[in-house]
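Given below, in the form of structure tokens, are the structures.
In the two complexes that follow, chain A is the common piece, with chain B as its partner first and chain C second.
Right, the complex of A and B next:
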């Protein structure tokens, strides 16, 4: 449609609708940040939508220093980065094999991988805990990372296999004729072509790992290996919450997600679109 | 070139993985022969009053005083605490010392005797004389033996009275339910609610009010009669107790808006004079006190003089067996893993730690910071403490009632009290009758009993 054919009224309407959605998305984050500058006492006794009468920065100091948030934060980064890199890499490799190396047992192996999508963390929590304990990985970062990677692979393998099936075999055969081996074909042709699905997978894995709580909390004891979701929960309880510190810890935990989005926003948009088309 | 980059990326990831593994392996050092290492599962929430001071005053102080005992503490809170307990129990890796409930969520640990019987150790060290009889009564614990030593006693009904509001409208604190009911129109006309209560979560009504009401209508020991089959939830007394809750809504003493009030929001509303009265547990006192971190209090010490803490007024209606009672349950406390061998150094170390955690010094600290209301030890000296007015009121709270009756979720299992909790909310919404709630609860109890 020609842009000039869109009337001013329509444009105003479109911008209005988009503005409403933008406010609906941004306002909760803005509200969260505002409340993080209130003490619990002020939050509980004043209008919940108001600006702080006095900006209280003590929550940030308390959460970061006395609440030991720096340790939780670095653990979250370690878990998220390593999990994302390995899930994306291994899923692409496995996807390439399942999509392009046809063998009798390929469908069976692929099925065994993909059936993992049906597993919920809750359903395998206790057996997983027993296994992690049995191999001496309880209260170690590996005890968290290995299940994270294992749980991320089914969806990753499914997405990557499906995506790679769309890559023409002729392209790969041409590369083979030129003397390229599997690894070279994967690295120089297939992997770059899979950027959209890799970004989609990275987004899914990053957000899932960053926000995951039950498994990480169960596989670790003490603060040394716990991640941000465990720290956030410490400010909330059935019998009472410290809202100022709770909102502060939530605000801090949002920062990496926001940075991730700001850096990769173009790829995320393309990736989600590509993922939705393929999915 | 890209192949090299890919390989480099893969290599870097594997190196990071290996690095993490190497870091991990360095963190699991074992103790020397002379040193006893104790694994402890602690319930720790930063929202607890004095939580951060607890690390220094309780845990660090113990290790300083006992350099041969090394403590490996696992801090958990809320549901994750219970998940961790269940997982450890299932894996056979229960820690040496555990924070436990006297029943309720820790019932399995009690009933399966996964906790050490502390009776012989208490007798050996002559400890019973320092504790209230309830704290040392094995019958009040889930397994019928002394599996834990509670840190205190919890009164689940506290009736907070705001004299600022009452004075503003020229009223005196209500002594009976009829007086309370008569105050409703006066308070309403002045823009106040009569009784504030956060009933969005269904446990609040059951724990903080209905348990007391059921005790007053059913009499002492009613829960044992239900368990033995002597009484039923469908008996007229129990139905009358449920009917009283409905009456409170019908009379406007409780507003239906309380059914959508979040438990976390209610202290702020009471502190800002929204209502003349507030129903909660005795544990709420700690939330009104001065926060050591901010120096602010929800109700500052000067205003605390205007807050009274008593029990629900006399219910002057037919069918009530007694008044001046409260619903009381043992507070949480500490137990020891049953697998620790008798006479072993580890058991002695664990017992030393438990004695410290429920000892005079620790309980004094917990009372001072508002962590507990009524300590289980009898030798905690309130007069030597610097307390805020509301804390002082809290220390005398036990004088406000003469009898203690059961807290329902402390003496019945979840499948039994859950339909009751839901029914109490349904009464408020007017979608179930007291008779229906009683029948549903009895059906749930029968099903639970059949499954045992």
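Right, the complex of A and C next:
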């Protein structure tokens, strides 16, 4: 596209405005990472906007070892990986059934999932809490994982069904004529073909699970089964007065998702746009 | 096995796991929540508890009429959040998406897009704690800046505590709306815009006569997302203010949570708040489907 209709002055102005927004967006995060290398004493006595004069790594050691963040980190990984794998698999399975096998009940079932996309989890928190307690899953990994999977399914089923509707029926019919059952067709042909939507779904689900707080906070007691966000919530209360360690606990929580974002930023934005536009 | 039997079995094997988990985790609790709000259940065992009685709309009447007006304060805060989206994030996001999609600037569009969207992927609880240190309290950056202009400034509690919360929400979600607009603007057929340019249309006319009309459905969808997003707001405020001071920054979800799980539990009230939230969600879903039907073609 040529730019004849845009003058130089306008262009400079646009660059300026966009740069201001970009800097505003990342500055607080940059600031946080910098301050995590100061001791509390240094943070309180020096300019809050300054770079650390000496780079202090003691906060990281403290938070990771004594603060228990190594446990929270591995819990976060466990929750995220299991949730992602199961949401992707179950959504693909249901999506295939809804898009390609089809029964009279399909519109009803599919509709139920679509309705779930706009539902807020906060509004079902109390019954979920009571149910998890009633079946004896309070303060267990399963008590967190099952709700996570259930909450990831509406978007997953919606995206997968949509994607599979685009696969040509002729392909499946050819396989049927060769005598392949639906399960085999799904496993051998359709599931591999759905890799693009599976990647998108995996990324959305990973981000959502990695950042989830309220359910985790409610369903677990103590530190053993908590993941990073729930730990940060508690940590902020007890360490609120030690800024150096507080900022470090936040930085440790941020760094993995920042790296993830740097690698997958294009897929993340694509996934968010795909998931939210139709609702 | 017959072909028909194989088909049915496959359908069940494939669809049932997702359906069962979904019904158990999302659908059943939704109904359960509404039913609970009509009883006097307030903790303890729920199944086989003979003390649980049906009390009708008692909890709702109490919620609407109790003297502190906590429900209305929370609802109003939810509306402020919707307001920030509709009057802040959506126009800003639209403008930025327009700039990026029309390539009014040549280099750096990817970079700007990535930077502005970044806050969205960070856990709101982390952002809440971060901004509590960044803009609230005596040791904040905000106070540091105030002190450079007035060395004697002393930290005082904000008289309008929702303002910092709303600013952070603006910061977090503008990129989200930008991405949605960007994705949809890129679907507009470039040939239409090119034809208008050949006919001598200026940039302003292209925006007004081609891009804006094509985005009507998306703008409405964004407004709906803003409402559902405001209902979801919890972590950020929980971490920044815990709803304080004196409940002034509470939103419905936080009011519900604190009624049920903090201090002396009041499950009937919490369930009534939940049901109001479910109701708003259901209305939104109905509206969304309508919007989808009217503007469907443009959003595909």
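Note that in this section the second predicted complex is superposed on the first by the 211 of 279 C-alpha atoms of A that agree within 3 Å, B and C clash if a C-alpha of one lies under 4 Å from a C-alpha of the other, contacts with A are read in each partner's own complex, and residues count from 1 in each chain.
Keep this in mind: a residue touches a chain if its C-beta (ideal position, glycine included) is under 8 Å from a C-beta of that chain, and two chains touch if they have at least 3 such contacts.
Only a predicted model underlies this, so the values are computations on that prediction, with no experimental measurement involved.
Colleague: For A:82, using the defined touch cut-off, is the partner it touches chain B, chain C, both, or neither? Pick first, second, both or neither.
Modeller: In the superposition, A:82 contacts chain B only.
Colleague: So which one touches more of the residues on chain A, chain B or chain C?
Modeller: Per-residue touch count on chain A favours C.
Colleague: Of the partners chain B and chain C, which touch A:199 in the superposed model: first, second, both, neither?
Modeller: In the superposed model, A:199 contacts neither chain B nor chain C.
Colleague: Quick check for you: in the superposed arrangement, does A:150 touch first (chain B), second (chain C), both or neither?
Modeller: In the superposition, A:150 touches chain C alone.
Colleague: Could you tell me if A:142 is touching chain B, chain C, both of them or neither one (first, second, both, neither)?
Modeller: A:142 sits against chain B, while chain C stays out of touch.
Colleague: Once the structures are superposed on A, label A:243 by its partner contacts, choosing first (chain B), second (chain C), both or neither.
Modeller: both
Colleague: Looking at A:130 after the superposition, I want to know if it touches chain B, chain C, both of them or none. Which is it: first, second, both, neither?
Modeller: both
Colleague: Quick one: classify A:91 as touching chain B (first), chain C (second), both or neither.
Modeller: second
Colleague: So, does A:252 touch the first partner chain B, the second partner chain C, both, or neither?
Modeller: Touch partners of A:252: none, neither chain B nor chain C.
Colleague: First (chain B), second (chain C), both or neither: which does A:44 touch?
Modeller: In the superposed model, A:44 contacts both chain B and chain C.
Colleague: Just which bits of chain A does chain B share with chain C as contact spots?
Modeller: 43-44, 125-126, 129-130, 183, 186, 213-214, 218, 233, 236, 243
Colleague: Would you pull the chain B residues touching chain A in the complex into a rising list?
Modeller: Contacts found on chain B: 2-3, 5-7, 9-10, 13, 16-17, 20-21, 23-25, 27-28, 44-48, 52, 72-78, 80, 83-84, 86-87, 90-91, 93, 201, 263-265, 267-268, 271-272, 281, 283-284, 286-287, 291, 293-294, 296-298.
Colleague: Tell me, which parts of chain C touch chain A in their complex?
Modeller: Per the touch definition, chain C meets chain A at residues 6-8, 10-11, 13-15, 17-19, 21-30, 32-33, 36, 45-47, 96, 99, 102-106, 108, 111-126, 129-134, 139-141, 143-145, 171, 174-176, 179-180, 182-184, 190, 197, 202-203, 218, 221, 224-225, 228, 231-232, 234-235, 238-239, 252-253, 256-257, 260-261, 267, 270-271, 274-275, 277-278, 281, 284-285, 288, 292, 299.
Colleague: In the complex, go through chain A and note every residue touching chain B.
Modeller: For this pair, the touching residues of chain A are 39-45, 56, 58, 62, 66-67, 78, 81-82, 85-86, 89, 125-126, 129-130, 133, 137-143, 145, 183-184, 186-188, 191-192, 213-214, 217-218, 221-225, 230, 233-245.
Colleague: Which chain A residues qualify as touching chain C in the complex?
Modeller: 1, 3, 5-6, 10-11, 14-15, 18-19, 21-22, 24-26, 28-29, 31-32, 43-44, 47-49, 90-91, 93-94, 96-98, 101, 103, 109, 112-113, 115-116, 118-131, 134, 146-147, 149-151, 153-154, 157, 181-183, 186, 207, 210-211, 213-214, 218, 228-229, 232-233, 236, 243, 246-247, 250, 253-254, 257, 260-261, 265, 268-270, 272-274, 276-279
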